[in-house]
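As written, the chain order gives the labels A, B and C, with residue 1 at the start of each chain.
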Amino acid sequence: MSEFRMPSLGADMDVGTLVEWMKHPGDHVTRGDAIAAVETQKGVIEIEVFETGILDDIRVQVGQRVPVGTVLAVIRTGNEAPAAQTVAEKPAAAARPTPPVAPVAAAVSSVTPAGAKITPAARRRALELHLDLLALRAGADGVIGLREVEASRAAPAATASRPPGAAAKPGIDMSEMRKAIAAAMAKSWREIPHYFVSSTIDVEPMLAWLERENARRSMPERLHYAALLIKATALALKAVPVLNGHRVNDVFAPSSQVHLGIAIAMRGGGLIAPAILDADTLDLADVMTHLDDLVVRVRGGRLRSSEMTAATATFSNLGEDTADTLQPVIYPPQVAIVGCGRIVERAWAEHAVLSTRRTMVVTVGGDHRVSDGRAAARFLGHLNELLQHPERL
Amino acid sequence: MSHSAGETKVRLTREHARELMRQMILIRRFEEKCAELYTQEKIRGFLHLYSGEEANAVGVMQALTADDAVVTTYREHGHALARGLPINAVMAEMYGKVTGCSRGHGGSMHLFGAAQRFYGGNAIVGGGLPLAVGLALADKLLGRPHVTCCFFGDGAAAEGEFHESMNLAALWRLPIVFVCENNLYGMGTALDRAESVTDIRRHAESYGMHAETVDGMNVVDVEVAARRAAEAVRAGEGPRFMENHTYRFRAHSMFDPELYRSKAEVEEWKKHGPIVRFTEWTLDNNTLHRDDIAAIEAEVTQLIDEAVAFAEQSPWEPVTDLLRDVYAPREAGGAVAP
Amino acid sequence: MSAMRRISYREAVREALREALLRDERVFLMGEDVGRYGGSYACSMGLLAEFGEQRIRDTPLCESGFVGASIGAAMNGMRPIVEVMTVNFSMLALDQIVNTAAAVRHMSGGQFSVPVVIRMATGAGRQLAAQHSHSLECWYAHVPGIRAVAPATVADARGMLWTALLDQNPVVVFEHATLYNDEGDLPAEGDLAVDIEHAVVRRPGRDVTLITYGGSLKKALAAADALAAEGVESEVIDLRVLRPLDTPTLLESVRRTHRAVIIDEGWRSGSLSGEIAAQLAEQAFYDLDAPIARVCSAEVPIPYARHLEIAATPQAEGIVAAVRSVLRR
């Protein structure tokens, strides 16, 4: 029994249309006989059979178009057990070259000042010298080359180094961002020796002020207490620079500005902490506006990459409903993070008098390579002081 | 050695007749097997079969020694087998296996054999003629008594390289036997639509070269003419040209519906095919018997089956060897023919 | 230090041919007018008388035929030097060079080698118009199986031929037609064979790397001199070998200077300069302080009128301008 298949008649033949059977079931066929005619792109070609026997069963009818290799008919050859054809193995597919792995983001910013062109050599030299690309001045033609980098070096360079950034792209792929954050968190926990210092803060003054303030304001202008926390945190960070900045290549560079990352929950899970820039300088209304805007844009996946990379420290009050205390994990290359637990009425003893106050536990997570508990404690002291006088924020 | 044209006799002993028959049947069955394997996609690319033209390769090879050189075309399976390239290596080359005579690099159109002084296999029509001129030139300059035998088809007669090579060979009196296998069609174009002068031997004669017309369907005639030509060349008489009238029973290549010729014409030629005629002749004069032919068929079937099995089981060249043999190594040691 | 002598590029070629013919009896020279005429550029003057017709072989006008024959002769034990009068006529022989010489070794699974040397004059600059002014080196440098060299100095014209003959692969030698009259100093004695593997720094410099070959080397050096007067130190590299390119030498230089200008007399599109620029971009990207610049022939069949021919081909002024632009001056 032998299967007669649609033959390949050319390197570029994939299919053929059977247009005629020249032998019929029951006919005797001899090796070399033309058994059928097949139409191809080149015309009609008669195909021959390579077996001798009786044409038994026709599987493909006139007019059918079938791929090369399709069984057209069966021929009874009288040989039982036709010799098994050893199938020639296809050669192992040429090993596909592994796609080049995207290089790990340089530790120093590759954020290009808008409009400037930086040559690869200049970029590399600037990294070597720990120069801030954003502080480099381009030549008259708008190019930052080795010459401009060397010139910058002669002048004292801005010391703040920028955090690693995704290439400036319009809009962020949120799922990619989540993956990146997960990786960053894992790395952070592995590599940063965290310490945690907490303090329970009396927020009655803050809340009391807020209630009076919001009563005076129209709906759209009302403040959430988070705005006060954010402002106060920013001011307190300004006072304790060892908690505000980036640690890169084993070197900590405190930032003269406070860009406070605000932890916001993403749709679908995970946190993201885009920055409110210069949070210490904003008035509360602006803080509120920025906050609302960030939340909306996080939910909509429309953050700017500069917001992702600019934060010099991070603030989180995502435990606000249920958690008493947060022990938040630092977002590298930052060196501190401030976590606020929920506002809870607690027993409060002061001057030997017991009462209840609305309180909040604030925890500072710090990078022990850069600061220690005393810095955190100083911070918490400042924070507390600021929150006791909310009207000054 | 002195002789005059026509006196070179083929001593057709029974043994010799059997050998001629065996070689022709081997080629015929080999080509049929290749056709079958091609339809099964074991052989790929282009496949040009020699069925019907066997007498040319077989007859001419009888006149060559092991030290002579052979250059041929893409329709070269018959020449390769008649020249003595091992059938297993040829079949493996058809499959593209590393055990092929060209390590799988050439396939059907580029069979090479240094040991047999078989210089391929050429997919450029007319491309082998200048090569043959060069091989012969080297032999002449080095004082070697070898003959270079160059096969090509009627289509090549239109190419500039044909004319350049005819001229050079005659001008420099090079030891070449040119064999034009005129099968009346250059792919799909009949000879009289391609040549202003269809008598191709006249082209050779126009260069002052001695040329003959030969019945390419008669293996004995071919052998006689080839011996005559080779002896003249060896005697220093300059190049020789044979125009063998022959016919291919199959299409130009596998993927050819043969719109350019009638089936009747093909059938007519088949009736006077080389194996048919030689069979009739040898049976008639009792040089061979039916048993001999049956034995040859059985032997050939076995050889071919073994060649197919060899090819099937042979490995592929590892891709890591891809860039091997693009360049010869700096130190001499490459297999340059002596 | 041995005594030096001053000879022309043409004389260097002739000396190289003569040395080869003397050293190895398998060597012979074949081509149009190489014998009686003495060579169309007079490179083989006198050789016919010394070596005879078998070894200095005039051919009819049949490039495909006689280049193919040289390939066959090389495959069968000879060491032919085949001269194609100019690269312009070599296109007639391209089939034999690409489909036989370059391919046979690999196509036959390593069974045959083609130790042939193919010499060609090349280039523009003598108002010979479109059909006689091509620089098609890049076509040959494109093909695996071929080696391509471009001797730009008298020493290389003298010394590359023997090395090329020793090579078991087809070697195409490009002699720029404007170099034949140039003169240079060579040692009076000793083995003058040079390698056909490396590029050479002809002039060291720190500010920019000029990469070139053949007839453009002179122009690059002239440009370097002019730039030196402005305080710019150019490193000039003579490729010498077009296939395979000596990329390590190029990279070492560009990594130091951070700037590259490639001068190539081929037309810019699809030129060898494009290949070099791609390799530099692939392997020296992070070292570059400026985009790679190319000075090539304009996209026009080379014209006859002198001023047009000059405008169409690389000149020292154009090279200087390119350097200034990469230095942002």
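Just so we're on the same page, a residue touches a chain if its C-beta (ideal position, glycine included) is under 8 Å from a C-beta of that chain, and two chains touch if they have at least 3 such contacts.
Note that this is a predicted model, so its numbers are computed, not measured.
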Innermost chain, taking as reference the mean of every protein Cα atom displayed: C
Most distant chain from subunit B, judged by the mean position of its C-alpha atoms: A
Of A-B and B-C, whichever chain pair has more C-beta contact pairs: B-C
Between subunit C and subunit A, distance of the C-alpha-averaged centres to the nearest whole Å: 52
Chain centre separation in whole Å, for subunit B relative to subunit A (CA means): 66
Centroid distance [mean C-alpha coordinates] between subunit C and subunit B, Å: 40
Residue numbers on subunit A that touch subunit C, as the complex places them: 119-124, 139, 141, 143, 145-147
Complex contacts: residues of subunit C adjacent to subunit B: 26, 28, 54, 59-60, 62, 64-78, 80, 95-96, 99-100, 104-113, 115, 144-145, 147, 166-169
Partner subunit A, residues of subunit C touching it in the complex: 258, 285-290, 328
Residues on subunit B engaged by subunit A in the complex (per definition of touch): 32, 35-36, 38-42, 44-46, 95, 253-257, 259, 309, 311-313, 316, 319
Subunit A residues touching subunit B - in the complex, by the definition given at the top: 5, 7-13, 32, 40, 42-45, 47-48, 50, 68-69, 85-86, 88-89, 91-92, 94-95
